[in-house]
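Shown below is the structure under consideration.
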Amino acid sequence: MQEYFIIIIGAVLINNIVLAQFLGICPFLGVSKKLSAAIGMGAAVTFVLVLAGLFTWLVQTFVLNPFNIGYLQTIAFILIIGALVQFVEMVIKKYSPGLYKALGIYLPLITTNCAVLGVAILNIQKDFDLGKTIVHSVSHALGFTLALILMAGIRERLESEDIPKCMQGVPIALVVASLMSTAFLGFSGLI
Amino acid sequence: MLDITKLCIFLLVVSTVAAFGVGYVNSMTAPVIHKQAEQAKVNSFREVYPQGDEVKDETAKYLKKDSSPLLKEVNMAYKGGAPAGVIYTVEPKGFSGPITILAGFDIASRKLTAIKVLNQTETPGLGAKAKDPLFQDQYKGKGTETDLEVSKTPPTKDNQIQAITASTITSKAVTSGINAAREHFAGNFK
Amino acid sequence: MSLLNEFTKGIIKENPLFRLVLGTCPALAITTSVDNGLGMGAAFTAVLLGSNIVISAMRKIIPDSIRIPVYIVIIAAFVTMIDLLMHAFSPDLYKALGIFIPLIVVNCIIIGRAEAFANRNSVVPSIFDALGMGVGFTLALVLMCTFREVLGAGTFLGVRLFPETKAAIMMILPPGGFVTFGCILGFLNKLQAKNA
Amino acid sequence: MSSQENLLVVSSSPHLHSRDDITVAMRDVLIALAPALLVAVYFFRLPAVIVIVSCVAGAYLAELACLRIMKKERIPGEYSAVVTGLLLAFCLPPTLPAWMAALGSIFAVVIAKHLFGGLGCNIFNPALIGRAFLLASFPVAMTTWVTPIDGLTTASPLGMLKEATGRQLPSIADLFLGNVSGSLGETSALALLIGGLYLLYRGHIDWRIPGSYLGTVFVLTSIIAAVKGLGPDYPLFHMFAGGLFLGAFFMATDWVTSPITKTGRIIFGVGAGILVVLIRLKGAYPEGVCYSILLMNVVTPLIDRYTKARVFGGVKSHA
Amino acid sequence: MRKASFKGGIHPHGYKELTSGKAAVPAHVPDRVYIPLSQHIGAPCSALVLAGDKVKKGQKIGEGKGFVTAPIHASVSGTVAGIELKEHPGGSFVPCVVIENDGKDEWAETVKPNKAPAGLDSQELRKIIFEAGIVGMGGATFPSHVKYSPVEGKKAEVVILNGIECEPYLTSDHRLMVEKPERIVAGLRYIMRSVCCGRGIIAVEDNKMDAVSLLEKAVAGEGGITVQVLKEKYPQGSEKQLIYACTGKQVPVGGLPLDVGVIVNNVGTAVAVAEAVEYGIPLIERYVTLSGSGISEPANYLVRIGTLFKDLIDQSGGYAGEIEKIIAGGLMMGKTVFSDEVPVVKGSSGIVIIRDEAKRKFKEVNCVRCAKCVDACPIFLEPTTLVKLAKLRAWDEAEQLNVTSCIECGSCVYGCPAHIPLVQYIRRVKQAVLAAKAKDKK
Amino acid sequence: MLAAVISLGVMGAAFGVILGIASKKFAVQIDPKVQEILSALPGANCGSCGFPGCEGFAEGVVGGETKPSACSPGGQSLYEKIAAILGTEVSDYEERKVAQRLCQGGIGQSRMLYRYEGIEDCHAAFAAFKGPKACNYGCIRLGSCVKVCPFGAIESGADGLPVVDYYKCTGCNKCVEECPQNIFRLVGITHLANVRCVNTDKGKDAKNACSVACIKCKLCEKNCPEDAVHVVPYGTGTVAVIDYEKCTNCGICATKCPTKAIDIIPPISEEVILKSEEHASAGCQRCEVCQ
């Protein structure tokens, strides 16, 4: 139990995937302008991240490792993620247009999101079993969502502030990210 | 349907070629990497316990359920076929994550031969200084009878280690790992 | 002239990092020392060069509907090769860059280039495009690295410039990465506004 | 056209305004900080003066420079940058080198305030960002404490508590008066309380934030003391040690970076209180006030969004 | 006992001592009056007279179409000089009937006392009130007969007379309460009768205790009527806040006082009702306070509708120095006019003149999120958020945040340290929201 | 090696199959024409077409509910593109229209009624006696139009009046809707002569309020060789109006107008007009203002 707890706190607060590990920065900057979009993106990433964690773990354990072809990890994983994302997109589009409107538009952005591949690789690097892989993926996804939502809240407020022209948009978002990650340093050593 | 088959075949071909290329590079690099890894391991072992001529993994034999959770591996260094030293792999929790450390003990002299910080994610400039020889070398030749202590001021006692400036947490973590190994050593290799 | 153009555009006008704001993760994660920046830049350029060449050569035969998976496979193959080579021949760098080498696969720039350039141009311009983008990316990384290493560690390429106790360590921590990047972007915007 | 000068003014109602404006508020904050300033200078002597002067000068000059660069008009008599500088100085160790202090306040004013558009636009408390920046950058200098008056190196009260070195902890009375080591303006709970009450009296701050913040810390530490049998001094120690009063009255209450709704302010205070206790007891740092407020700054926009009051005679409005 | 009040609000300085002790004197009746054809909410009147017509005091000279309107009466006897476009204190140009005063003050034949006012039923009362052109004299000038008309399924349980007068400088209602307490109570009776309800409250703030004691004397023995003293606070006089303070009920968003069984009227309205019901006198004069730093002798006047501000100012010894603003109404809600050639209308409770003090004006700066506006708003809105939305032109979002509920009391602006004219932004949003609604309807 | 080749090959093929089948099975029909038109549109989502955003418009065009020319920012080249996509003729050519400000009462030209203090918003000032100028018809000069223009085509000039940049203006109508005084008209870009006054008061009153007002003297009417200008009833009074169908941009009226209420824009060459058409049809600059 404690182990899981440590994984969760560690991934969400201390080694936050965005603020401390620098994974998934592109969508973090791109989809944090509106809170609603951030929530949608967070949900989509969580969904894909968990599925990807599961499938990559299975492939690693039952294909790459037995055949001793670990060096194909990158290719295999990216293929899995790419296929997964497209598959999910198509299924949602077909069966739940509502959900597609809410989530689907973010799905294509996820393929080229470091976070998914990064977490999949981290799962393997850390030698997790299936249970921990899932928990680890979920926690990282939650960490991503948390950072994204906080950022979106801030950026919605910034929209009406008097930010110097040259800093508007991505530059100020990066400065906010910097100060957010400074604040998150406060969580160091919690576990 | 024909369409799909065609696309599949194309993907198949591309993947195959890619796998071929990667496989080729791998066959070229694998031995180098393997050798490096081996060499690195041997080197690290040698660094913490220079005398041995063969090292065997005997974790299963020595690590029991009730052993300290910080201990991860136990390797025995043999010299001329007889156990001469023990090399522990310990993993205490540092400031921002686990720190992996090797610690070598000499059975004959019952002393700590050396330690080596293998992996850590501590803050550069602070806790990361645990890798500095200046810090690690303090452990050389310490006795195994009593626990080591961390002191912020220059050590006055033999069992004291001076903390890295402003990184007491890291220093204590390293020391706690070493202490776990020390205790195990003291209890198992009388 | 146009080849030169393909080359130079990636350096300033369409600089992948500063203008297109793509590939931000490695730019933030590994720019703690100039060594890392050069290494990452080289790896990136090599992958981009490889994939651009292959894709532009194959552009006429790749079926349109599966072009993205094909790009991914090709790029991933190159990344893996670089990864293995680096592991074998430059283990220190390999360790420093860590997970960000395999992550070159998902670096938006590479796919972006494949889609936007290599897929539409022949091999030679694609080579120049790749080199331009690669050099642009590398220069951008090195610029970030310089700020962060000098301010955060007090060294440049490992050479000590001032005592460690005077270096603002935060610059080599995550917040330093974000703030450096943000300020550089802001500064470039300002420059551009002035020129326009 | 013909004499168009003495036309009447047409403007929108109301045509009456209270005497308060930003300049008055900032002046009052400075007045409220005066007691703590005197205590700091009394206990920490010249080094404190040097740190304070460097911070204030750094912040003020940085403010002027930013206004100049961004071509903004300065409001005459507007001293928010001085407030920032002074508050930053108050949470620094007295022995900090002057250049570091100045650098911190420049970082605070430039990065945390003016990049966001200046007064009123920032998300994070500039003074605290300055401190967090210095702590992350120069941890050695930032964790070197001295005893009051004679200036010998020692640990901070919370540091002693955390490391449980067995050293004699300072008495509650000393903590209350400020006769302990620590950041130069945070040591005297009494002086800060006087300033805080003045701000409350002048209506610049709302009781909800300091009330819920201090209350939460007190309740949580009391519970911990009760569970662990640590005695009644334990919660008081947590209340008076470290920068809790400074944070509660002067920094959590910063208008710009705290919620505007009443419910939001209570959530802000409670959240910060929980974080302080969490960081002090479980985290890597002995002190948690700075980070607790910064972390609550991060969620402030969301708090504001989800705690809107129910309009008079209506149902709750949704964001 | 803790005096009842509402939540939020502010405590501005009252400046009432300038005029509160000064009895209202009948103002000079000017040679020319300008009677605007629109002095109420609802359909404007069209003139019933032409240039050259002779009119008498109290004669109906304007009439509107529909139910929500109120007729206009001549306030002097004389000759109609014409119909002219003139500035109206409300901020627009409005056609006015200009009457040359013949100085005779002859009453029209239509003005005659009711023989048995006590016997009138509710419908008859409303007819009289309508014919007398009575509108709300608290400022909103809503036609009173409409307010008193029964609404399906709603029942008035209490009539509250608004004697709060929370606006700084203004003392006209105060004077009225001191000088004519019996008329107020009489008017309240007729209003209660016309809405068929048995309970009446006269609400007064605790800064007018002299009026309270006189009113208490007047209501003694009158069943069902009480005087309620409320704590001094702005905007206590606002209908919704007043109802909350007196009854603890909140008028629902977009609803009317009647939804919580209340009808609110100004004390002046009650006096006008009493005059009309008993003597048949239409609404042709009212109490007006003339005060402020820019007037030589602040005073209270009983003024004929249509008298120009200028005439009153001349009577008060003219301006005191260079003036900056002339405000029709109080400091908090009143509107500035650009000249003193503006007629007094039915809703003019006061004229405040502000001297040009050439002191440093604080310019509007960025909001510093002090939330003073949020804390002050008696409607519990977030004025600062609404302003930010206004600047982003996000009208829809502002509408969702209930911008249309703002009563424009100005409490938020009063304490804003950034000197943001929040109300003006909010008005702009309301305007845009209404425009969008109108467009949607089309 | 072999394992590598086989397993990756299999994986690649497997994904190919899965995706292939999936794409058939889960295919959702969208009209490719809509997609194509959408990508050709300026993407400003300005709403001038009357649809909620560009996508709605694209669907509308394909569905025949509206004409391509309803998208005013698009310009002629867009109409041609859409026609090409739909395979129809461009039948309804319309000249690109730009916003013209019909008031010249700048600072110093108009008499003022009062000093306005308050927010920079024309509607707000309009609420008080139709703005601080004595002229009740003219520009209030607080720049609401400047703020509303999604293309940044309007700037406040030195005399306080808004100045339209005809290159940037796309004729989206936003400023026309915004202005409380209805000062803006959309006018074809080749129509250079404009009566820049909408004051319908009698000549004397108009002159009294503003030195550049149309004073109804009819000199333009009398002198126009094409009979294109007339003082016609308008609102509550009269004002001079140019019939653009007849006007040849000769500029005589402008020289005759005693108050210079008529002006002729400094000759815009064909080239400039063409360039500005091009500029407009370049369409969406991805400036994100519309978001």
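Chains here go by letter, A, B, C, D, E and F, matching the order in which they are written, and residues are numbered from 1 within each.
Here is the rule we go by: a contact is a pair of C-beta atoms (placed from the backbone, for glycine too) under 8 Å apart; a residue touches a chain by one contact, two chains touch by 3 or more.
Note that the structure is predicted; figures quoted are calculated from it, not measured.
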Shortest walk length in steps over touching chains, chain B through to chain E: 2
Chain pair with the higher count of C-beta pairs in contact (D-F, B-F): B-F
Chain at maximum distance from chain E, centres defined as averaged CA atoms: B
Rounded Å distance, chain C centre to chain E centre (Cα mean): 70
Separation of chain B from chain D, taking each centre as the mean of its C-alpha atoms, in whole Å: 44
Centroid distance [mean C-alpha coordinates] between chain E and chain A, Å: 60
Touching two or more other chains - residue numbers and ranges from chain C: 65-66, 69, 73, 76-77, 80, 84, 167, 169-170, 173, 175, 179, 182-183, 186
Junction residues of chain A - those touching two or more other chains: 71-72, 75, 79, 82-83, 161-162, 164, 167, 172, 175, 178-179, 182, 185, 188-189
Overlap residues in chain B, where contacts from two or more other chains coincide: 7, 10-11, 14-15, 18-19, 22, 26, 30, 95, 126, 169
Chain A partner contacts - residues on chain D that touch it in the complex: 70, 111-112, 114-118, 120-121, 123-124, 129, 132-133, 136, 275, 278-279, 282-285, 288, 290-292, 294-295, 297-299, 301-302, 304-305
Residue ranges of chain F in contact with chain A within the complex: 3-4, 7-8, 11-12, 15, 18-19, 22-23, 25-28, 291
Touching residues (chain side chain D, partner chain C) in the complex: 103, 111, 115, 133, 136-141
In the complex, chain B residues that touch chain A: 15, 18-19, 22, 26, 30, 93, 95-97, 169
Complex contact set, residues of chain F against chain E: 113-114, 118-119, 121, 123-124, 127-130, 136, 147-148
